[in-house]
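Naming follows writing order (A, B, C and D), and every chain is counted from residue 1.
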Amino acid sequence: MNSLPQGTGALFADPSANRAREAFAAKPRALCDKLTTVADAVARLVRDGDYLAIGGFGANRLPTAVVHEVLRQGKQDLSFAGHTATHDFQILCAGNLTGRGRTLAKVDVAYVVGLEARGLSPHARRVIESGEVECVEWSNYTLAVRLKAAAMGLPFLPARSLLGTDTFRHSAAKVIVCPFTGEKLVALPALYPDVSAIHVHEADRYGNCRIRGTTVADIELARASKRLIITCERLIPNDEIRRDPTRTVIPFLCVDAVCEVHYGSYPGNMPYEYFSDEDHLRRWLTVEKDLDAYKRFLEEHVYGVKDFAEYLQRCGGLPRMQQLRQREFLLDRGR
Amino acid sequence: MNSLPQGTGALFADPSANRAREAFAAKPRALCDKLTTVADAVARLVRDGDYLAIGGFGANRLPTAVVHEVLRQGKQDLSFAGHTATHDFQILCAGNLTGRGRTLAKVDVAYVVGLEARGLSPHARRVIESGEVECVEWSNYTLAVRLKAAAMGLPFLPARSLLGTDTFRHSAAKVIVCPFTGEKLVALPALYPDVSAIHVHEADRYGNCRIRGTTVADIELARASKRLIITCERLIPNDEIRRDPTRTVIPFLCVDAVCEVHYGSYPGNMPYEYFSDEDHLRRWLTVEKDLDAYKRFLEEHVYGVKDFAEYLQRCGGLPRMQQLRQREFLLDRGR
Amino acid sequence: MHYNPMELMICCAARLLEDGKTAAVGTGVPCAAAMLAQRTCAPHLVILFEAGGVAPQLPTMPISVGDSRTFYRGVMATSMCDIMETCQRGLIDYTFLGGAQIDAHGNLNSTMIGRDYARPDVRLPGSGGANDLASLCWRILVVTIHDRRRFVERLDFLTTPGYLSGPGAREAAGLPPGTGPYRVITDLAVIGYHEQTKRMEVLSLHPGVGLEKVREATGFELHVREPLAVTEPPTEAELRILREEVDPHRYCIGR
Amino acid sequence: MHYNPMELMICCAARLLEDGKTAAVGTGVPCAAAMLAQRTCAPHLVILFEAGGVAPQLPTMPISVGDSRTFYRGVMATSMCDIMETCQRGLIDYTFLGGAQIDAHGNLNSTMIGRDYARPDVRLPGSGGANDLASLCWRILVVTIHDRRRFVERLDFLTTPGYLSGPGAREAAGLPPGTGPYRVITDLAVIGYHEQTKRMEVLSLHPGVGLEKVREATGFELHVREPLAVTEPPTEAELRILREEVDPHRYCIGR
């Protein structure tokens, strides 16, 4: 049994189910009003040294306002779940090597640095290649399974990927044997993030949430997180939630703050709402090449604006959002 | 490690993930027309000696037509997942000790024999107390976890209940230790049923399904099953499925037959459609007390009718269904 | 104001539920108790049903733990795994259970009566969700009629864990620390558990009930917490709400 | 009819997809190949995206594996775990992958270039879903440009499993039996794997390409299946559909 392989990577979060239960035991349970601003939510709920996770997939259904606010408030030494992180990871990297301390300290990598077909982020590469961020390797599914283990209140779950690779070797996973069939499996330690942010279509002020389209790993993430910030496109009455409880995918029990942020996934895609702003994302990737130009860009778009609404204004405001809405519904293609 | 406790119960289904993959590999994947009759579906897909599982919870969202048809076709020696089985188990027990061979041979028990607050089924007690059915004990959650393990394509999953009890001792579970935290867990062998039946609100002819209200363990069950029969209140066009893919909870990939059965959960409750027929359920419980009377009742309601529609007719037909619909929407209470 | 034993038991159970907490309930008495608590001492009590209903606005008493009442105007209609895993994460404070037999440590039998598992004298339903809820929720409440057939020295089958064999046994078995039996409410008394022994300890006797009567109805040795209190009878307000709003058809409280 | 190497690669990839099967695809070339296959040889091919899209009617090429196009008029929009577990259950026949480096056994590197993991020369995104898809789907297809920088004797990092160290290695590691690399489609050739050695074996050379050119572009020894075929060039119908319906904006096939 002792000869079974195990990864050499570090664990950045405690997988103990018993200790997680203690944290969840202290969470308020009543239906109470959690509506607040992003600034307040981040100030209260994101702490230096926290393990942070962000919902959505890549730049889709991204809680961008929260990620900007983490930068603006200068949060330091975060651990991060790099689960198909694209633009979110790119934004967080802006808090490293730009003269504002070190936002990111540790990253569980499934997918970072890249923005899918759009290419690699020069600054994210700079940050990781500098060695100042400790990385441990996973895959999209195994990192999702780690969140699922936590969502189930367990210390680990098995899966069948990762095996036999350097990704496994640089993970913190272990090979185990099924006690019933003898089949080899990879054991994945539960990941209970200290704090997470998820952007949803609709939420009531208690935190009951609806998502349209793919849920990616957010149903698991919401349940796994010790603290959870929800941003929503639209605040809706509790009465509307109760009219059709089948549509609720995240219950209020998981949620600590609710913030209404229109166009909250910009410049990412929000399914059934607006498409991604590819021009803006391309500009971001381009400007990163030169560190000084990037710092000016960040000043202009993140540090020097008071909130997300002002950022949207600088990116073209409502007329731009209108274009992106047309693109989402293919109305720009003559439909 | 060898001193960790393990249950003494038998495994009625093979938990091997590798062998389950072989079965799933042979399943057709294309979007093809699966619409058929319940009689055809049961004749083709339920085989003597199969491990059978039934969706819903108790008498709620029950695929009653399939369960009746299993009796009518005289299927023999089934293993059964007794996962909050109430009226479905009661019906299946009618195939034992009534001169028609032995429908049930083995039962994984989480909840059987009872009909919740309505009391115990005299005939189900008769069947189990006779000793002709081999039982192994579980709980509602651990049996659901066994289905979840199968739905995930794994040979086992851990959980934190069952431990320390006779329920564990009479299960086929094993105690394991978390490889990361040392926390003790119960390892639950995956349950891949040979065939299952689930009643849903809406399905298209390929088998894409929508459920309103609680899904109980049916999302897991659909994915865990090697063969799956769907009965639906309403067949809907594939176009309607594609209009809102967020609402699909069972994809066509899992499904082998689709049968449109109006009032298909009768005498059980179908959320947002019709309430349970408590009078009929009470009558069933009462008539079971006398075995001869019960045989006549079964002849009249199951064996002697050609299909489920005729059963509904004998139970009061559309006027009765109309009353139950009013009861579901509380319209009988002056709303 | 006159009341029957069932009404008293429901009122006692309701009073144990703290405001702003969560409770996984079933049908019948537990549900009535939770509904009464929401209308009296615990307006922000959140109730959940194991089949998937979260925080319904119950229009009537459900007949089944999974019927449509259990998520009527709820905030979420989800799955059994989701509910049970919410318990497993430590988010559910109370659960209500019953059984055919209970022992001094609060262990429950709902599986069988008899000596031979393969040929039981009486086959009962089995665990259902009880084993899970008793393993995973923080505090277990039991509401039951009090007699020697039920309160036994030795269970025919230990379906659902109380304190198992005593102090430390739950943790040794691997159950989540800090969980376990909390109160037993019977038609004779309100019973807790002794801090050291984890055996039942009578906390209060219902009005008109003597300790001897409780001892006679119990098949094992009971601790008694001194000074032994008398259970507060139901208030008029409690009875009115219970009879008019919670159980107007008297499904639970009887006729 | 004239065609470019990318068009040829997409056509070759499309032809490998059997009708009535399932394929987990990403953006770009794999998606174009699957869309082309649906319009030619495999009208009943079902495509899935790892972020949760099932059987969409793609109106345009997606930009992201999780954008709204990936479930546009799909039959289900679900979760990543649901898709990956559908793979894990053995229901997904094909997956398409790429990488910065590939070795003779079809193992892929998309994590880093360099010798020191802690201080890479070039940090790449990591596995993403590639390791999972390559572990869990039945057949792995790789579409890639063919040069010595990519086709290497030794990967800097083995991100995603091909046949690992050779015959039996996947099974020994615990990966599901019967899975593994199937074809590599490059701008020079179509490559399979040798039955015994599980090393790459050239199956066909693209029109105008000699075996020497392929060997020069490859950093390891290649098997050659005799008689060595010439890749069937794209048909007019394939090219028309690819250019007009699949990729009218020429995102993949270039200008």
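Note that contacts are C-beta pairs under 8 Å (C-beta built on N, C-alpha and C of every residue); 3 or more make two chains touch, one makes a residue touch a chain.
Worth saying up front: this structure is predicted, and the values here are computed from it rather than measured.
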| item | value |
| --- | --- |
| Comparison of B-C and A-C (more C-beta pairs in contact) | B-C |
| Farthest chain (mean CA position) relative to chain D | C |
| Distance from the mean Cα position of chain D to that of chain B, given in whole angstrom | 40 |
| Whole-Å gap separating chain B and chain C, where each centre is the average of the chain's CA atoms | 28 |
| Where chain C and chain D are represented by their mean Cα positions, the distance between them in whole Å | 57 |
| Multi-chain contact residues (two or more partners), chain A | 17-18, 152-154, 159-160, 183, 185, 212-213, 245-246 |
| Residue numbers of chain C (touch at least two other chains) | 53, 71, 77-78, 81, 88, 136, 176 |
| Pairwise touch network: line, ring, star, complete, or other | other |
| Set of all touching chain pairs, with the criterion as stated earlier | A-B, A-C, A-D, B-C, B-D |
| Chain C residues within the chain A interface of the complex | 19-22, 44, 46, 53-55, 57, 71, 73-78, 81, 85-91, 93, 136, 138, 176-178 |
| Residues of chain B that touch chain C when the two form their complex | 56-61, 82, 84, 86, 109-114, 116-118, 120, 124-125, 128-129, 131, 135, 137-142, 144-145, 148, 159-167, 170, 175, 183-186, 212-220, 269, 271-272, 275-276, 278, 328, 330, 333 |
| Chain B partner contacts - residues on chain C that touch it in the complex | 27-28, 50-53, 59-60, 63-68, 70-71, 77-81, 84, 88, 107, 111, 117-132, 134-136, 155, 157-161, 164, 169-170, 172-176 |
| Parts of chain B lying in touch with chain D, wherever the complex brings them together | 17-18, 20-25, 27-32, 150-154, 204, 206, 208, 223, 238, 241-243, 245-246, 248-249, 251-253 |
| Complex contacts: residues of chain B adjacent to chain A | 1, 11, 15-18, 152-160, 174, 176, 178-181, 183, 185, 187, 189-190, 211-213, 245-246 |
